[in-house]
Amino acid sequence: MKAGWPLLGAALLLPPFLPISDYTLHIIILVLLWAFVYTSWTIMGRFGLVSLGHGAFLGLGTYVTALLWNHYGLTPWAGIPLGVVVAVAVALVIGYPCSRLKVVGHYFALVTLALTEVVRLSIVAWRDVTGGSLGMTPNAVPPESIVALQFTKFTWYWVALGVWALGLVVWHRVDRSMTRSAMDAIADDETAAAAVGINVTLQKLLVTTVSAALTAFGGALIGQYQMYINPDTMAGVGVSLQIVFAAISGGMYVILGPTVGAILTIVLQEFLRVLFGTRCIGAAATIYGIMLIVFIIFMPAGICGVIVARMRKRRAVAAAAPAAG
Amino acid sequence: MLEIAGLEAGYGGFRALHGVALTVRAGEAVAVVGPNGAGKTTLMRVISGLLAPVAGRLAFEGADLAAVPPHRIVERGIAHVPENRRLFPRLSVEENLRMGAFAPASRPHFTERLEWVYSLFPRMRERRAQLAGTMSGGEQQMCAIGRALMSKPKLLLMDEPSAGLAPVIVDQVFDLVRRIRQEGFTVLIVEQNVRQVLELVDRAYVLEVGTIRRSGSAAALQADPAIREAYLGI
Amino acid sequence: MDIFLVEAIVNGLLLGGVLALLALGLNLIFGVIDVVWIAYAELVMCGMYAIYWLHTYYGVPLPAAAVIAVLFVALLGVLVHKLIIAPILGSAPINQLLATGGLLFFLQSFATLLFGADFRNVGLRLPIIEVGEIFVSFARLLAFGVALVGMVGLWLFLKRTYIGIAIRAIAQDREVMILMGVDPQRVYLVTSAIGGGLAGLAAALLVLQYDVHPSIGLSFGPITFMICVLGGLGSMIGGFVAAFIMSQIIAIGGFYTSIELSYVLAFLLFIVMIFVRPQGIFGGRS
């Protein structure tokens, strides 16, 4: 098994060189970019901080970047960090009172839901600048412009692969950190965690900040890649729920869970879209909706969660057998 | 009327009752006494169906109680006045009493039984529109007993009716129980206040660490030196 | 005072009636079953489509279609509980919220599949009434009136019937309800049906004023949750008052700025309120 990982890593370098269609490459890039966003969500979601507000961070990242580029000609190299800073600032303004006042569970979900709607509606309301609900397109330059961060699909693949890997590294670092044990304790019993000296507010804000920053970063890149952004697909309740569901269906307690969620949801959507064509708009999403319900009822740990649990069980059986003999 | 044999029950891995056997005959008043944590409340919860027993026989008027769904127990004629009264604090007194008559068989008799409960406890008539949670402890206990009586039970279970009340109020509550007795109800009562409850009942069981240690008539137990020393402080 | 401002306030008041109806339904479900149906506004959408479909394709008169819609959405409420909530009643509350979020996706896209993304209306033109210098749409007035009647009906039900009192009591002590001979599952089903029925009633009132389209739920779903929380989740009177506060913010805010910014204002107020008074305007200390 250990020997398999380098092979798998090598395989990830292949796609741009394979004789696959532009469309297939496009789907792979989308999967990688969204997998990064979903991974970012699980960094806080796995600790019981179920945010329905990640649409807000996604929207802030993407709109700040695109607006600065279109209206001031500011390169995304500066625009993206600014978008991330804005998202983090918003995350702190909401996150701080949430942790201090112990806003958890339903209330946390609803506060973040309100936040995402505030961002979406603000974008719509500011239509003179943002294009409102019609969306906007970053001013295009001929491709392969490093300054404008506009590339061909070939280059985008490497960018997407890079940020996806970055997401996994951050996830892994958090997983192995003291913060993780602290957050697990907090998720288990906040009062008890505070009693043993864990700084609950600090730890919560830490994961919230990391999660919001990465999400804003991912949003900005998705906007740059698609060259079209829209408040409904990048900022509202819809995209917030999309993020939560992909992360949950893949499995938010396993490093590759959100990636599997991204593969599942995007490939499924595309597959159903091709299958039903434009004659049956909504068919794909209908099946998707049913699957989400079924997932949450029967498989709340997600696909990867179930696989990992099975593997552990098998390993435990295998380990117990020789000991018994 | 109520026959329990070999009863085992508990929560999760914790076994609170070990092989408890107990009988209540029609018209009797029986007490279960014992220290805190002996399993008295668990016993009551098993009888009224809130807790499923692990093993043992539980029969009421010859029928197996374990096979009855918990919310059907009251229809069989067992009403439970739970520990700490457990009224619906934001419902009025009358609404609380109405919930006591929720079972379909009780509903047609609601008005007449309400009158009867009000005549037993005139204080409840005065307080009929008041929110139950705003009354004093003693009044709440009256309301809780009244609520149980609304189903006109054959067997009334009372769990620590005197708990948490001031001594004067405790006397009043025991007077209430005495009146319920005189009305002809069969009563199974759990109490820590051993001295007073033994004045009230016909027979009693002593439950310690989940096992019945002694049983007998109230008079015999009152005379038992071990009981006198452990529970009556003499 | 500006006559148009007065008109906005009156319209806000009338909208508040329907929002209060919705908040009441959601609050009832939350108070009794302890779950948040994120897809509640989508049930309203289902009711609106049902009326549209019955009226436009089968010529069913609107009042009859409205009654059918109320029953239909009540049935949907029962199904939501039976199929989605009941199997996961014991798991984390957030899972129940998310499962109904999946339902939101499903209903939205299923409606798109059946009716397409077009805006549709029942083609009814109700008169505009002139009161002094103010113009008030009759549809809104009717909606307000029926919503009030619906709420009074619900109040009487919760006050006078056994099952109604049980619905209020079960949130206060679930276990003791069993001692009273109440089957909690039955209470949950009745509550779900009532919650659905109220959504159906709201649908009948909204279909007179708004076009129906698959994502109409998103335009008043979030505000309904905010109202419930603002009034104190589970508190009926609080939800009622909060509905009128929120609808006034939207109406007056919309008058001075734009409709989107007035919603932004309402949501921001909600966020601040959660921090300042998490138990709601009328909630007691928890």
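Observations on the structure shown:
Letters are used for the chains, namely A, B and C, taken in the order the chains are written, and counting of residues starts over at 1 for each.
The rule is simple: a residue touches a chain if its C-beta (ideal position, glycine included) is under 8 Å from a C-beta of that chain, and two chains touch if they have at least 3 such contacts.
What you are looking at is a predicted structure, and each value in this text was computed from that prediction instead of being measured.
Among the chains, the centre nearest to the mean of all shown protein C-alpha atoms is found for C.
Set against the C-alpha centre of chain C, every other chain centre is closer than that of B. Per-pair tallies of C-beta contacts place A-C first. As a whole-number value, the distance joining the C-alpha centres of chain B and chain C reads 43 Å.
Spacing of chain A relative to chain C, judged by their CA centroids, is 31 angstrom.
Here the spacing of chain A and chain B, counted between their Cα centres, is 56 Å. Listing the residues of chain C that touch chain A in their complex gives 36, 84, 87-88, 91, 93-95, 97-99, 101-114, 116-117, 214, 218, 221-222, 225-226, 229, 233, 257-258, 260-261, 263-264, 267-268, 270-271, 274-275, 278.
Looking at the complex, you find that chain C touches chain B at residues 162, 165-166, 168-169, 172-173, 175-184.
Residue ranges of chain B in contact with chain C, taken from their complex: 48-50, 69-75, 79-80, 82, 86, 88-91, 95, 98-100, 102-103, 107, 147, 151.
Within the complex, the chain A residues that touch chain C are 48, 50, 94, 97-98, 101, 103, 105-107, 109-111, 113-115, 117-118, 121-122, 124-125, 236-238, 241, 244-245, 248, 280-286, 288-293, 295-297, 300.
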